[in-house]
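There are two complexes below, and they share subunit A, which is joined by subunit B in the first and by subunit C in the second.
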Partner chain A sequence: MNGRSNLTPALLAAPSLVVYAGALLLPLGGVLLLSLHGFDFEKGILPGWGLENYRDLLTDSLFAESLLRTLRIALWTTAICLLVGVPEAWIIYRMAPRWRGAMLLIVVGPLLVSVVVRNFGWMVLLGTTGLVNQVLTILGVPGAPFRLMFTELAVVIGLVHVMVPLVVLSVWASLGRLDPVLERAAFSLGASRLTVFRRVVLPNVMPGIMAGALMVFCLSASAFATPAMLGGKRLKVVSSMTYNEFLNTLNWPLGAALATLLMVAILTATLIWTRFVETRAMRRLGEVAEGGKGGSRA
Partner chain B sequence: MSRNGPLALAFHALFLTFILAPLLVVIGVSFTGEGYLALPLNGLSLRWWRAIGDNPRFLESFWFSLRLGVTAATLSALIAVPAALAIARWRFPGRGALVAILASPLMIPHVVLGVALLRFFSGFGLSGSFAGLVTAHVIVITPYMLRLVGAGLSGLDPRIERAAESLGASRLTVFRRVTLPLIAPGVAGGWILAFVTSFDELTVSLFLASPSANPLPVQLFNYIDQMTDPLVASVSAALILGTALVLLVLDRFYPIDRLLTGERRA
Partner chain C sequence: MAAPHFLTLDRIGKDYGAFTAIREVSFSVAPGEFLGLLGPSGCGKTTTLQMIAGFEAPSRGRITMDGRDLTTVPAAKRGIGLVFQSYALFPHMTAAENVAFGLEMRRVSKAERIKRVAEALDLVHLAHLADRFPRQMSGGQQQRVALARALVIEPRLLLLDEPLSNLDAKLREEMQVELRELQRRIGVTTILVTHDQSEAMALCDRVAIMQGGRIVQIDAPWRAYDVPADDFVADFLGRSNRLPACAGGGQAEAGGHRFALPPDLADRQGDILLTIRPERLRIGNDGAAGLGGRVQSRLFLGGFWLYAVETALGSFAVMLQNTGSVPHDEGAPVTLDWDAHSLRRLERA
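Entry: the complex of A and B
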């Protein structure tokens, strides 16, 4: 709209593009190339090219196990975050304004505390003599104390703690765009609280929920710190395997292949999810156009 | 005057317990006088808080992370503000691609970013250096910066800028005297979020750190990997209390939901 010179936007975008090209695109391309090299523990990175690393990984039962564990952990984390985070955002939204700000601060504030610190808190809580087991023993739960640390359960608990504020925030943002008149109209027409939530609020905040779900899934599937700290050395996920190849085994080409597979998996999941959400939205829009319903939200 | 039923409030109480438990337990255990992580406490002691001062490595890492965060956030602002202006004020071919590229670090797993930069920087001897970490952090935090600066710009009426131009102001003057002051809150919010993100960043830093360039999260992670004594608790508690203080001050000027989503509170 301000087209006096076509060069101005290019000049404005140039510094960021130069930094991104040099410190993001080139290095990512480098990983892809590195993953095509062979490796020998005596000679190091071999000069030849080939897909051996990928073949080795895809036929390795240890990798299959880690990949399944990564997916399992990410899916559980996403499901729990949605189940807990969506109602929590709705509850905060319905609070009196003077409570809202304070509650949001408590719920979302931990996002600004380092993940290492938060995981350490769970290490203290979930140990065999930790607070959770002490409470369970006092309550007389049969089988207590349990072995909680270094289990997938511990990893999921830790990840939910890290991710659930993101869901609350994402839903909160779409609740902010919700017209309160809609809710009142539904109530005045005799809808129950649950019906209002299910039929009026939920469809309107769906974009926020979908975006939050995708974010949580991608972040949990690629998380490193929480699986490493709460899952221990034996419960490997794809990112801790990659870390291991790069910093312990020093088989960089294999690590690069792992990194490439992880990134391809995440990008594929993102594409499929975005496509799914878009078709859903299109279908809803189609319904609205046909039935002439919901046109009040101009 | 809450419109929530008792069931909803019970759920909310459980949720808050879940969110706060690991943080409160760390603060609690940091006051132990024992040589191990003991709860419940038998007596309060500042033994492990004093131990922070006797352990220069955590203090050194703290100052290092502070320098790293300030440098990275400032450099990020310098490249993100012009880019956000180009995106908000001009329609040009490749604009959509530019937006996608600049936001892409959000979608790239940090482990992948870490190995990519380790491999790339080791070719230039930048791995394990301050400059290498700064570059990596700029990539990680710039998407956040862009989001907040972009939100600030989209709330700005372009007619104000055009009015200034029609009164004879040069483009640079318009930017310096009109645009910049008006988007300053967005830039400040972006800077703070970028700084905090850099200060907390662990995964990418793990690949690029060295004994002479060791950010605090990396130092803490490696320390916990070796042993978990109450010193970890007192350092962590200091970080939690520090963050809480910053948050309380910040919330007066910049509500946290706006800081994290770029949108105004409902």
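Entry: the complex of A and C
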């Protein structure tokens, strides 16, 4: 073996590394550096370095509140997306082939509509005199009409709408790798349809579910347009605070610190998720049939 | 057959759109019988099995088991043990969990479940691998888990779809013996699908030979082998040599050799197509009575020699037992000889 063949992998990876570094690491580094500068309304960005921005944010109750809200919205969105998306993928998978294509197209529909148009649609539906409240009033639901717009509920609804396709598609990919004979085997052993789904299909598509959940969580936590439009000015999330600092207050260093903290929060949540939730869930689902074995495993 | 029928397929047919996969299949299986379903690829074996199991609905006809019409009984309620060609073990469950699954579905108590799973794994000699996942087992071990999983629910009918096709020759032979023994011991009615004719003949009480969505012959293996219903069966079950001859007066003539016809063909006149199995031919030294030819090639198979002998009527395969005597050399002139009762007439020329 000569030296050249050892270099080949590095050389082959070089173009994508350059793009990666240029398009991701460089701007990220820029943001990080920016967040260490001070700011003055008269003089703009100050040349000195320091951690004041972070100190200010971490002691700010408004920031704590919006960070909590951001994570809460992301968690609810993820949970609802899973509850809707996983069965949805399964149902479409079970359809006759000629329906499947059309159904998948309908499912990815929300992704094809611009975020602004989609959110305006929800504003129309969720307003005090909107369709939803009209229907609730006609049905005589006590308390109707409700205040739906500019609530966390509205934000979650708007996010779920666009995120469900991600779960459906990633579960769909896992289902494609599932051997259909497994279902027949389960049926032949006397399993009901629900049991087949719970005991055979679900554990085998777990990787797809986990990947979908992660995508939805990260995208929801960093979503900007939907919280801004459906949550309004008062319901701040971290990304809308960041936007505000950059474009309204023009305090770029503070905005950069906000962006950095959001990224750290999402990364931490992701790590906790993959380290604990994912492995534990996989193991648990793999061992549902615990009672059936000889009990000899240590 | 005098025994009461356990499973009966009555003029079953199956269409996939405009394509007819099963034209008409009727047969009955006696309780405890081991039936082989045999035929070339695409003849409809798997389709037939899936219809019995309840995963494909027949387009025509009726399936009854134990006197009960199965048409409206869903697969999960048929109580049929099924071993798929690909094993279809649940990849996220250990061997023991796989075997336990069917018992859990039947709400068998935990204590009894543990006992029966252990027994089933014992039956297939896999007790020591109970906690392995399928991906940690060899093909043969997986296949035995699949068998244990199908047997543990004490099925009234066991369906095996080419269960040994992925195994190497040695393991396959071992599994054949084990399977046969197991089936005898438990006495479960079994249908085995295979396209390996020697496997079917070795294992089964009767074989059903399928071709193009039909059953051409259903008989004991040795009868199907010795008295094939037609050309197709004769060719499919083992090798056979064709011998076109001209008959007259209880005798026939081919390639300048005159020979006697068996009694059932004695009254034949004119052109006739005969067949003879390779192991029924004898090779004589040049000059002996018989059909003249020359050794084209010879293969040593341990217990047997397989010769190809070129004659005026084409090449003949000859299988001779290895008796330790000096073999015929390649290129040597020889003659072929046979007993009259070894000759069969083919339906079609």
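In this text, the second predicted complex is superposed on the first by the 252 of 298 C-alpha atoms of A that agree within 3 Å, B and C clash if a C-alpha of one lies under 4 Å from a C-alpha of the other, contacts with A are read in each partner's own complex, and residues count from 1 in each chain.
In the analysis below, contacts are C-beta pairs under 8 Å (C-beta built on N, C-alpha and C of every residue); 3 or more make two chains touch, one makes a residue touch a chain.
The structure presented is a predicted model; accordingly, all values stated were derived computationally and were not measured.
*Asks:* Just to be sure I read the superposition right, which of the two partners does A:M229 touch: subunit B = first, subunit C = second, or both, or neither?
*Replies:* Only subunit B is touched by A:M229; subunit C is not.
*Asks:* If we overlay the two complexes on their shared chain A, which of subunit B and subunit C does A:L17 touch? Say first, second, both or neither.
*Replies:* first
*Asks:* Comparing subunit B against subunit C, which has contacts with more of the residues in subunit A?
*Replies:* Of the two chains, more subunit A residues are contacted by B.
*Asks:* If you stack the two complexes on chain A, which partner ends up touching A:I272: first (subunit B), second (subunit C), both, or neither?
*Replies:* Neither: A:I272 stays clear of subunit B and subunit C.
*Asks:* Quick one: is A:V108 in contact with subunit B, with subunit C, with both, or with neither? Answer first, second, both or neither.
*Replies:* After superposing on A, A:V108 lies in contact with subunit B but is clear of subunit C.
*Asks:* Identify the partner contact of A:A259: answer first if only subunit B is touched, second if only subunit C is, both if each is, neither if none is.
*Replies:* Touch status of A:A259: first partner only.
*Asks:* Would you sort A:P203 into first (subunit B), second (subunit C), both or neither based on which partner it touches?
*Replies:* A:P203 sits against subunit C, while subunit B stays out of touch.
*Asks:* Name the contact category of A:D179: first (subunit B only), second (subunit C only), both, or neither.
*Replies:* The second partner, subunit C, only.
*Asks:* Could you tell me if A:G190 is touching subunit B, subunit C, both of them or neither one (first, second, both, neither)?
*Replies:* In the superposed model, A:G190 contacts subunit C only, not subunit B.
*Asks:* Given the complex with subunit B, which residues does subunit A contribute to the contact?
*Replies:* My answer: residues 1-3, 6, 8-13, 15-17, 19-20, 23-24, 26-28, 30-31, 34, 84, 87-88, 91-96, 99-101, 103-118, 120-125, 127, 130-131, 134, 161, 164-165, 169-170, 172-173, 175-176, 193, 218, 221-222, 224-225, 229, 239, 242-243, 246-247, 252, 255-256, 259-260, 262-263, 266-267, 270.
*Asks:* Could you list, by residue number, the parts of subunit A that touch subunit C in their complex?
*Replies:* Those residues of subunit A that touch subunit C are 179, 181-182, 184-192, 195, 199-200, 203-204, 285-287, 289-297.
*Asks:* Please output the residues of subunit C touching subunit A within their complex, sorted ascending.
*Replies:* It comes out as residues 53-55, 74-82, 84, 86, 88-94, 96-97, 99-106, 110, 113-114, 117-118, 130-131, 149-150, 153.
*Asks:* Help me check something: in the complex, which residues belonging to subunit B touch subunit A?
*Replies:* Within the complex, subunit B contacts subunit A at residues 1-5, 8-9, 11-12, 15-16, 18-23, 25-26, 29, 37, 39, 78-80, 82-83, 85-87, 89-92, 95, 98, 101-102, 104-105, 107-120, 135-136, 138-139, 142, 158, 196, 199-200, 202-203, 206-207, 216-217, 220-221, 224, 228, 232-233, 236, 239-240, 243-244, 246-248, 251, 255-257, 260-261, 263-266.
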